[in-house]
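Following this line, the structures themselves.
In the two complexes below, subunit A is the common chain; its partner is subunit B in one and subunit C in the other.
Showing the complex of A and B:
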């Protein structure tokens, strides 16, 4: 599909989301969709580093929580307006990504994954012991009493997440089609060869960790307002790390469509399970589905679809 | 031009003061058996291995550019391309994607369409297998792809590391002939590391013999090389 068509679709989706807030009253749907959209951002962000570049990040929660806590601090300290939260959350998490990139990108494969997992643990410990943001007791954030144009704050957050998800997808698509993306794919396939060909491997990997981290931070920035009460275990929840890795794997890691498909399907399944059975089931669902995909369809749904289409044509 | 280069990996010294020179338009062979430092020297020139001492200088139109301390992408940017040992393709990318990645260098991106057409013409087999994964090609085809990918960066200097490795003799001849063909059509300067003396000297103007990280002999012609006792001992079995 051409860029212009996709842009039109994106604009239509935002308008539809706004229109929906005029019609649909039940708050639950906004809460649930918000979570799914948040996973679209996280999965897309993860895929830039994990899918394109082949560096598996197990610390998505760290970047997400960095965005969330940056926002919480800014709200508490200076009552910062909403757009500032998004920018600051992305900026701080992006810088974290850059720094972590410098420190850990010498590691490859499973060692990189372990390092990122450790990052989440270290940051969580720091936050737990940080009195200003409430430590392990958590922090309350009061939503602004009124938000222009929307009936209530949840509907506003929902529309914001729609925009963020589309923004993340656009970023991923742009990277994928640029020389940056080609270079990242080369790194995934054979890093040494990429270096021989004059692909600036270190610089590209740093771009990937920074962009990936920044997007995750942006996804986390509205989190204090979404929950109104946030504590470290919810912000650093392992769910974020697992889901943002499982969703692209299920959808397919080679294109921007994969994380979108994976996040929508898995995210929706989890929301349904939460309502009908129990939220405790969510991680089990993820685990089973990932195992099934790794065995049966390692290229994800996008890969399945491509193979099916190739066969239909042949 | 390389002067007094010393390099190694960790505590292991591989090159002990290697000096050599390649002039514009020449094809120079770097001969030596396994483990004597041929690949390490080429990697030093490409900036993949950092030399501990010595100079590596590119002289062009009277300008001298030191290559030591430069990153591989800068060196590729100067018009030097490496066909790495063991080919080092991107196995899960298609032939065409491999070729496009050869043109990562900024100067080469502008010439990408022309270079791609040239490569597909010069290597018809790659044209046929354009959409196939590089990993599914045969050894000879892979070597051709590695060569073509290097040409995609519009280089002036081509470094070739053991093009004969793992190939049947008839394919080696074909690859070697292709290198000569590329050299002539693109006015390249070629430095080729090779163990296969007979094949290398088919296209080389002259050569060096490297033993234990030192240049043991400089042959000003292929004949001088062939008559040298080291060559007789190692390659010709005399």
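Showing the complex of A and C:
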């Protein structure tokens, strides 16, 4: 599909989301869809680094929580308006991503993955011991009493997340099609060879880690308002780490469509499982599905679909 | 606040704890240090071992250490199976780095959630007559709860060291870590050697788990705390050296114990991960690296 068609689809989706808030009353659906859309952003962001470049990030929760806690601090300190939260959350998490990017100078493969995991735990410990944001007891954030144009704050957050998800997908698609994306793929295939051919590997990796981190931070910024009561264990939840890498793995890591497909399928399945069975069982399902996919369908659903179409044509 | 008694107690507790960390890290040193298999699920296997000891202790009335030893053959077979799957799905295709990592990440969740569904989030512990006792050595107090795991862990470390340096198969494991191709040219199958070594690595988790639940009550997700610890130890210890693993474990144990005595337990976990980050960034070869 061409860019113009996709843009039209995106605008139509935002309008449809706004229209939906006029019709649908049941708040549960907004809460549930918000979570799925949040995963679309996280999975897409993870894939920019993990899928295109091949650097596995186990610390998605750290970036997400950085965005969430940046927002919480700004709300508490200066009662910052909503757009400022998004920008600030993205900036701080992006800076963290830039730092992680410099780590790639020394650490490759597994060591990089372990370092991101360590980063998440260190940050969580810092937040747990930080009195200003409530430490381990957590922090209350009051939603603004009213928000223009929407009857209710959850509906507003839902529309915001629709826009963020579309923005993340657009960013990923743009990167994928530009010279940056081709450079990142070259790094994934063979970093030394790419460097020798004149690909500016460090600069590209820094772009990937920064953009990936910033998107995760933006996804986390509305989180204090979504929960109204946020504690470190919910912001640093390991679910974010596993889901944001499981979803691209299941969907397919080579294109921007993969994380979207994975996040929608797995996210929706989890929401249904949480309601109908139990939240513990839904994680077990995620674990089993992920293991099954990496063993049986390493290219994900997008890969399966492509192979099926190629065979249908032949 | 500061007193010499407090310091001595903290250091002694740290050394005892460090010995136990060695038991948990041996499997990582084998799998990650020698075989290049990034088994981040190792701590989850340790938790599985702890629940095995719990079941053996509460249902069958076994001593937790005996239960842990009895679990070893089962864990050995489990390790064999996991390695075969890992080999066929990832290593053979040369695809182990990214997908292999995700594979083990998925295994963590499967183990953790299965235990959660079976036993819930309540903390579980084991009983043995000697666990409450202490040994007084002059000014030093040795709680059996920590001292016995320490002794068992040292024994396990020594056994593994002897296995790797004295036996034919142990030397084969070391050989596979150094030169795959040469081993194949000598007519030995690297895959069989690696399967054996990985199975041994998982078997140590059964005993380490029994020690874990002797030290304190556990619930299914405590394994996550150990992911950073064991990798910090493996990297610090110089990847694949048994002596280095023991030294790094003791250092980490003492540092953590001092931190939690003087700054509070909530900071202790940051120590191991902080050290890991610094070591990775500054000296990836570890303190005792090759």
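To be clear about the criterion, the second predicted complex is superposed on the first by the 312 of 314 C-alpha atoms of A that agree within 3 Å, B and C clash if a C-alpha of one lies under 4 Å from a C-alpha of the other, contacts with A are read in each partner's own complex, and residues count from 1 in each chain.
In the analysis below, contacts are C-beta pairs under 8 Å (C-beta built on N, C-alpha and C of every residue); 3 or more make two chains touch, one makes a residue touch a chain.
Since we're looking at a predicted model, the values are computed, not measured.
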item: Subunit B versus subunit C as contact partner of A:275, first or second or both or neither; value: neither
item: First, second, both or neither for A:189, with subunit B first and subunit C second; value: first
item: Subunit B versus subunit C as contact partner of A:286, first or second or both or neither; value: second
item: First (subunit B), second (subunit C), both or neither touched by A:16; value: neither
item: Which of subunit B and subunit C A:107 touches, first, second, both or neither; value: second
item: First, second, both or neither for A:56, with subunit B first and subunit C second; value: second
item: Touched subunit A residues, subunit B compared with subunit C; value: C
item: Touched partner set for A:199, first subunit B, second subunit C, both or neither; value: first
item: Shared subunit A surface residues [contacts with subunit B and with subunit C]; value: none
item: Interfacial residue positions of subunit B with respect to subunit A in the complex; value: 46, 48, 71-73, 75-77, 82, 84, 88-93, 97, 100-102, 104-105, 109, 149, 153
item: Complex contact set, residues of subunit A against subunit B; value: 179, 182-183, 185-186, 189-190, 192-200
item: Interface residues, subunit C side, partner subunit A - complex; value: 32, 38, 40, 85, 89-90, 93, 95, 97-99, 101-103, 105-110, 112-114, 116-117, 224, 227-228, 231-232, 235, 264, 266-267, 269-270, 273-274, 276-277, 280-281, 284
item: Residue ranges of subunit A in contact with subunit C within the complex; value: 50, 54, 56, 58, 103, 106-107, 109-111, 113-115, 117-119, 121-122, 125-126, 128-129, 136, 238, 242, 245-246, 249, 278, 280-281, 283-284, 286-288, 290-291, 294-295, 298
